[in-house]
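Two complexes come next, and they have one chain in common, chain A, joined by chain B in the first and chain C in the second.
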Partner chain A sequence: MLQTSPTETALVEAPPKPILQLVGVRKTFGGFTAVEGIDLDVRAGEFLTIVGPSGSGKTTLLRMLAGMDTPSEGNITLHGELINDVPPNRRPTCLVFQSLALFPHKSVGENIAFPLKVKGVDAAARKARALELMRVVRLPESYFDKNVMKCSGGERQRVALARAFAYDPEVLFFDEPLSALDYKLKKALEKELKDLHRETGKTFIYITHSLEEAMVMSDRIGVMRAGRLVQVGTPEEIYGAPVDRFVCEFVGEVNTIKVGRGTDGVWSGRDVPGTFQVAPPRNGVATDEAFIVVRPEFMRFLGPGDTADNRLEGTVYNEYSLGSRIQYQVRVDAKDGEKVMLVELSRARALPPSADSQVTLGWDAADAFTLEG
Partner chain B sequence: MAITHKRRDAAIWGWTLFVLVVIYLPIACGALASFNKSRYFGFPVKQYSTDWWSKTVDSIEIGMIVKTSILVALLVTVVSVVIATFGALAFARYDWKGRRLYQKLILLPIFFPQPVLGLAMLLGFNAVGIQTSWATAVFAHTVWIVPVVTLVIAIQVYGFDPSLEEAAFDLGCSRLQVLREVTLPLLWPGIWSGMLFAFLLSWSNFPLSLYTTGADSTIPEWLYAKMVAGYTPMVPALGTMATLGAAALLLAGGLIGLLVRRRAAA
Partner chain C sequence: MADIALAHAPETAAELNRARALSAGARCALPVAILLGIGFLAPLVAILGYAFATPRSFDVFRSFTLENFATLFDPSNTVWLSFLWSCGFALATVAILAVVAYPIAYGLNVVFGRAAPLISVLFVFPLFVSENVRLYGWVLFYIKNGVLDGTLKWLGFSGGPEVLYTPGITLFGMVYTYLPFMLFPMTLGLALVPRDLVDAARDLGAGRLFIWREIELPLAMPGILIGMLLTFVLAIGATAEAKILGGQSIIVISHDIEIAFTYSQNWPLGSALAVIVTVFISGLTLFALSKLDLDRMLGRR
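== the complex of A and B ==
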């Protein structure tokens, strides 16, 4: 959206306050702990994405927030009021299911107007509001009487979204609703969802296993692993300053080099030969054993005369096209055989095809980060 | 290739025809027998007439029997569909302790020989001092028909996405609204077939009725009694009418189901 609405500016300037608060929320099923001690403040109006591999407990967490499961321990509060045991039909929240859960026996219009019918709104007002919402989610008016099962995947997403908006919830939950769509449609809908979030000013909590999805849409991302929230932060923080190797590897491909600090304060490679300049660990932990982590896009090939804080000699043995970027796999000598490093360059800066496969890799200490070893 | 295809098609058609003839020949024979002018059962039919059909239609006794059969079948339909709908939800949908046992127990009456079941119920009614009549027959039919209808509706429940109910609940519905707006409309095709099954199984039931109707009589009972003693071509005439009635009901039921689906798909 190009135009900026007044509410939008207000949202950006106002200090964010928590709308939903989770304190020590746990959920166990029999002997199995699905969610383990989650503390989280959700700010009013933010787009928060919970991301994690399957089985990390994110769906269980969402079901507790929506009221379909009750926490075994801990408190969930909405506007400061405890809602642990409030059933979903009495919460001002709405969940968009992974399956979308559109009612197959109702038309597009009836699906969207459903929450209004339940509330007892009269038919004419229901229709007017449904048509209004169809405009918001960019569905043509002629779809009002269309059988919802005859809609395409993308259209069904819009119907589900419009139905959720018709309930007028304060918080919307999304359980990977885009996971079944093809790549291009998914990309388009991600951006539309982000726009709708901005236009409506509602709080969105979205779960997905796809970090790419999370990066595009979210104000903040929470990374879950084995029932715990490992890190919560802006996409930049998650990408640029992951708290541990799990987060940093989940967030994208990385090169890691194991290093140790000698008594002279110099860091030398444990798995590759040489000494390295190392940025201080961002979490401030003093350590003598560490991993240097360099994202492939911060690696570059050094020509004669080029300088970099750190360098490694290697041989290019594979390259992959990633569309606008090219990824190179480079073998470097390691203490126990070989190690593969990844380098990503934009297509414009690609190595000439005739280039020697012997290369020098370089990166600056400031572009890498250090994790405890 | 073409030859083997032709052969295969011929085999399929031949077999289908054979099965149809085997199934429908006895019914056709019954219908033919009802058009026999003579009082006695005999083939070939020497002279055709519709006298016995008109006598059957005019008979006051048969009128009462048909009314009893319809009444019993209607009541059995209503009662067993209500029980079976909730039973099917318990059977196929909700996970609870004892569900597996319930799934087996509910099916058992189907495999129990009906004459024994009927006799057992007659003894039971006598023991507690209930006079048997068409009302006790409704009870007896229901015991045997509920399991069948439960199975028929359970098939529909298995194909039902539980998140639809959760979504309705999440969008503000009370439990009752969920049932009315989502569960029942979606189970409707299964409930509809369950109703047809219940009616037709009660309509044609003989062994349970024999023991439990007391002084009242249903169509199959009357047919049996007249075959044992006092045969007239009214027996095949009524039998043919009952069959045609059931077929008409089935056809109407199918058509209504089709119309409803057409309207929903529009």
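== the complex of A and C ==
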């Protein structure tokens, strides 16, 4: 998984021209540094998601991109032109707010046509364009005169989106616009948003704290932590090759085992007894102290004849249904008492209810990855 | 739900009695109801009674005549002139206050930041002093050899402008007196405009003026209209400004009513005039309130 494929190499050699470029961007509020050392190239037409826990600085970053804040240091360029101090109304970018910021005293049609009214488009042309956009975001035409506050959450979402499209921006920003919706609607809108991205060919920059959302929609994901961009990569890279423990734990549940390499080159467990076969660290750093990281879905239960690179004996003491999958909590012996390992199996391969709670866990070195300890 | 239903089912005689007695809310409202009845409703009823009594008499509730109204509507009566002065000055006060108070209200919401509460208090402060005292303060300020005139003379100028006892100073007094009543509803109105919407409008390309016209003004309108209504109703009944600062260079309607009750000792005529003014103002207020659909303006419906 680490080896770059031929297509990826080609991308590295001739990257698409960045539409938006951030170099050393930093933002401080008084003594507090919200965002620091951001270097990022946004490619034209891509769907980039910035993800991070709350307070990681992602909204501050977005506000700077949209022009509502100016960077304390560093440069933001659009098509190679410095836009640090260009006010939001003079940028060809548009932000879809977390609150959506729909105008409550205006109808659906008036909301969507607002940017056109700003540009001085006449009423008939405004209406025609608004109706066209309503078709794009799948709002019925009869909604044109409806009070926007009478619309449901999902409909408001579409109005906000259509209004942003009416501005005809080159880059669209999204500040967690789906966070207030229920799960099912959210899932449906995520897919619609992805389709709209493909249909319109615009550059989308999306902010969320939900990695699940990011995984579904994005071409690339940037993970932020404490004001810094820790890793930027495709969903596969973020999931399969996280650069550090923060990213790998943020991306999903993991099992970690602390290991050390002896003079004989054999890795032995620091917290769990035994020796382990370890894949070389992804970042190429030679180290003698490391973490083996195994995602629960790469763990399996070994039967009598099964083989695996690594094995651990344990006791199943809990199981949770995750819908299509089942997660098991397995207690294994550790040097300071016990350690809990997670195993996720598809429901079809679940342990029979009668099975002995004594199990053998197994995984292959190639399915795990190693991070510097 | 079941628990609540059970708790309310009267089972014993004592509980039944309690259920029949006044609810807690009604008992709490009793004092204010009595106060309003004696202090608010009774005088209104008395005024209404006097309005239909024989002129220049105190035969309240014992005689019925429309003579007082006939006198007021007689073409030879000049009371309508006072009425026009009152209406005109009230309208002018509202118009000037709207222009003066808007920037202050905007500042209190957006610009002043942490100083805003202090500045609000400064605007409330004059209300702690009686209106008449404050108006006499202005008289001392503007009077010949007063604060302004005296200071200017001391500095070697020819002296202050002679503004006291003119219609203009009356208007000034009204604007001064009623500023807080316009300012605070307006500030609340502007506070109802979410900053997100302004940011969004700006992000969609709108300039300052466009945002003000399309977003801020319509969304702040409930507060602005309430401020306007409040100041208009207060200003149309104002007398002290015209008397103390204006030196009766104009006669306002409230002054006419006062004269009827005091100097001319014609209570029925004064009452009739009061009734007409009250009906006019309350009609206007109800009309404005019916047009002022707060829910719609706030987008709640």
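Annotations for the structure displayed:
As a convention for this text, the second predicted complex is superposed on the first by the 358 of 373 C-alpha atoms of A that agree within 3 Å, B and C clash if a C-alpha of one lies under 4 Å from a C-alpha of the other, contacts with A are read in each partner's own complex, and residues count from 1 in each chain.
One rule holds for everything that comes next: contacts are C-beta pairs under 8 Å (C-beta built on N, C-alpha and C of every residue); 3 or more make two chains touch, one makes a residue touch a chain.
Remember, predicted model here, so these are calculated numbers, not experimental data.
Once chain A is used to superpose the two complexes, chain B occupies space that clashes with chain C.
Contacts of A:L95 after superposition on the shared chain: both chain B and chain C are touched.
In the superposition on chain A, no contact is made by A:P53 with either chain B or chain C.
Of the two partner chains placed by the overlay, chain B and chain C both lie in contact with A:Y167. Residue contacts after overlaying the shared chain place A:G201 against neither chain B nor chain C. Shared interface residues of chain A, touching chain B in one complex and chain C in the other, are 66-68, 87-89, 93-95, 97, 99, 101, 103-105, 114-115, 117-119, 147, 163, 167. The part of chain C that touches chain A in the complex is made up of residues 194, 196-197, 199-207, 210, 214-215, 218-219, 297-301. Chain A contributes residues 66-68, 87-90, 93-95, 97, 99, 101, 103-105, 114-115, 117-119, 147-150, 163-164, 167 to its touches with chain C in the complex.
Across the complex, chain B meets chain A through its residues 161, 163-164, 166-174, 177, 181-182, 185-186, 264-266. Those residues of chain A whose C-beta lies close enough to touch chain B in the complex are 66-68, 87-89, 93-95, 97, 99, 101, 103-105, 114-115, 117-119, 145, 147, 163, 167.
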